[in-house]
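Chain naming follows the written order as A, B, C and D, and within any one chain the residues start at number 1.
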């Protein structure tokens, strides 16, 4: 039932009109762009999809539209302050045809046991036939999961699908999980990396199966993953390094999403870079910096000419 | 438009059947009990009403039922991870006849400016004609509001209704706000205290207008507020002190709500002390301790015979 | 080598002159008072001994003075941001005759493993022949230790002496540890409770060996522990409940220490209630409240006449 | 009295022998290297100088040795859990000839007022003639300072010397402070940037006066600052971008310092990459990654041949 998670599962932003309404035609255009870029799957309604700012009906509406447009596995972020809302959204989107859901831990969790218990209860709440993704992003959620905790979640819940790995630092975590798989003390758990791909180059070499992030040039993510898997190390790093100044700029918590939307707007993928409140648009100074980074990037990667 | 906030606005728990469904007849019985106990208003869907564990329709359903039963001002907790869900619930419950809403800050807020901005944006999002309550509970939300921040919120948003004061320690905060009102540097802001009434005795003397909490003997809260307002200090403290061992026990974060529901069940107000997950019932040892506290209390306050 | 930890190990404040210098004669008077009150041991330089505000030489000086005056086991708080300073103070005070040291976790620790590792490295750093106390106080240190973590520390470090239990809520934690000892899955670990004794009554009944806190009436702590151990439950609760209004008032983080010093000054035990910065003295309103609480208390416990 | 803060104030690591003792000859060699690299000043005993792991005498010893070797302004990190230890170290190092001290906020501070008060009390405690540096590093200290808070500190304490700016994201903060200086609502406050220089390129363009960080190629920092000040924008970015893959790798919290020491060891600047506990050395996999990054870097910047 679980689809093999590998390659690039792009994190989709939610395009808005300048007045804050969802921009359906930008949703369509974005979907087409992702497919053309060669992604293997798509995650909607993650943190950077501004999920918490959406009403339930809006969330369902977006999923419906994306599923109608894209014939790829769609993961839906269903993180919520309580299990009732999480279950409600999960049931709606799974009925529509989503491939699985993503769950971030509430930022009050502290002990190993409480994290494992949370995922156990969440898996039970949404239904144990629904594949779910662990989102391990301490920078945003303030929840620290050791490799041992991830192993426990993967072992104690049958429906655990893959790990969205965005711990930072996180390279040794991938190595540890892969070592456990190798010595038989853990079953295979696919790992797709996030954190705006800031360490994609080495994370692939440590054993990641791909990327699950939304950097504004997903086409680059596809190529780096492909090159890395093909063992073409220097080429992978050359391409990655060309994008790194912009990756770093886009990875800033807060303005990062505004950067991503601005570049996608400049690339013609979405019509407006509007964020819902409390998000704020880029300042003119920041826009000029992104423009400068794009100009420099276009000298190294032809696709970046926008 | 804003009702004068004073006396006891009791925080209502949400009664569940043992299988987790909402128990409507317990809702009714609880409403009747609160009215008979002499409360001045009621807050539903607060943290201890297990609001985050409710789906939207359930939340609306509870409010509808309570409003049909009780002819008192009803405040509804509408805290949500984003403004869209907050607005949606607010519109629904205000249309039903709620008197106002309560908003807790998201626990990522740190700086003074970010807290003030949050309340400004929230007030705008729900509509500036909707009276809202500031919930100031750092122990639970990890957000620390200085008196100056509260003054700014009360000044910069017209629709601020009252302060649910549950900072701890918090006595000096009340004194500071009242001093500013006295010297004219702040307009009058009603203060109802929470934190399970652990400092109700002195908070009244510092200038609070009443209580906004859900201790399992709201009848005692009503009496202490009345005695304190009447200047009958020793009597107020005598009654309060008789309840303090149980107040303290019920104020424990986590098991506190289970204690409250257990006592309300023993008092015949609700049928079951069930909590929704991840809440857990009291252990047998804890139940025995509460029974012992009730037995001791009943020797000092006749109402406590259960 | 490890002394049996039981009864009352009082937490000693550090008496200062109004100008902030250490007040030696108050140290002596306080020591004599504690001995007369019947305590079994004494902890100096804890958080409420204002340890972090002391220079190294001052810390050593206090320990020397106390050891010269008191023939009881003395525990010294040696928590420090790094192991070098922790080791330096430990060596100095153990050479002087201290019975052991107390170590609080740095408030950056999150995962189970990191907490256990910290205590393992600390035990190694100070020398594995030095008995150490685990301070488990999440309210102050933001570090949450499960019973399993405590068991691991107690098992993996030979020099672990006892647990200063001040988790809140914490009753089930004591029961869990005692259950493990009973079923043989954990060796005996003495438990003395802190958190200003707010739950001393029930903590004793759950299996604590005594108290390790500094409430301004340690004489009461001694009696409650004695009554509870003797199975005189109602008497223990009666005495405890008489003090609870003041215990609660003194337990406030921040002003709590000022309350404690103020009462000890009023009781003639120390000469001044001065705190070092950033500590602040009680406001006049707070002093009046404490005076009122003392007056009420004296009607129930003759010793409280001050 | 305050030296003009500009250019590169390098953050010095503390070199240890493999057994953990301070390695004096590496200290000397490192000092010589920094001078030759063209730095304008030096900060010792910062977080990445492993200051909290040092005993007082060790700290003083390092400062003495550095001051004897280097004729540049030396800043000394004096952050401590209390003012007594902060004052003691400050007095010792200022007497030896340090130019000023650096103070990080304790990670319990939350409100604007408490942060400003902390710096006011710290400035008073160390003596108001001692120039001090504000360390604004929320990622490590969990304390968020708005531009307004920094303005208040700079205004309310005469001895504030410069801002070590390492907020992230932080570009708009620099712009805001510079705007206030321009419109006269704030006096000039020098800004040196940290956070391992991850945004040095744009931070210089936003108005920073230089860098105050310890990236393993400080020679590059010197050149980027120089090029940027000279308006040679593209050259500054070209050089910066060549180093960015390694900068990013070294900026990882935790292993970052091990990376820095490893590279400095490979460059022959220090003899060993030993960290004191709880620090851990790089894994073999991480070393190989750094080797690979160095090999790639050396193709773009000849100095990186090691």
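The criterion applied here is as follows: a residue touches a chain if its C-beta (ideal position, glycine included) is under 8 Å from a C-beta of that chain, and two chains touch if they have at least 3 such contacts.
Nothing here was measured: the structure is a model prediction, and the numbers come from that model.
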Fitted rotation between subunit A and its twin subunit D in degrees, CA, nearest 5: 180
Selected pair, greater C-beta contact count between B-D and B-C: B-C
Chain located farthest away, centre of subunit D as origin (C-alpha): B
Centre-to-centre distance between subunit C and subunit B (centres being mean Cα positions), rounded to whole Å: 33
Inter-centroid spacing, subunit D versus subunit B (mean Cα positions, whole Å): 47
Shared interface positions of subunit D, touching two or more other chains: none
Subunit C residues within the subunit D interface of the complex: 50-56, 58, 80-85, 87-88, 107-108, 117-118, 121, 125, 276-278
Parts of subunit B lying in touch with subunit C, wherever the complex brings them together: 168-169, 171-172, 175, 198-199, 201-202, 205-206, 237, 241, 244-245, 248-249, 252-256, 283, 285-286, 289, 296
Of all residues in subunit C, those that touch subunit A in their complex: 110-113, 144-146, 148-149
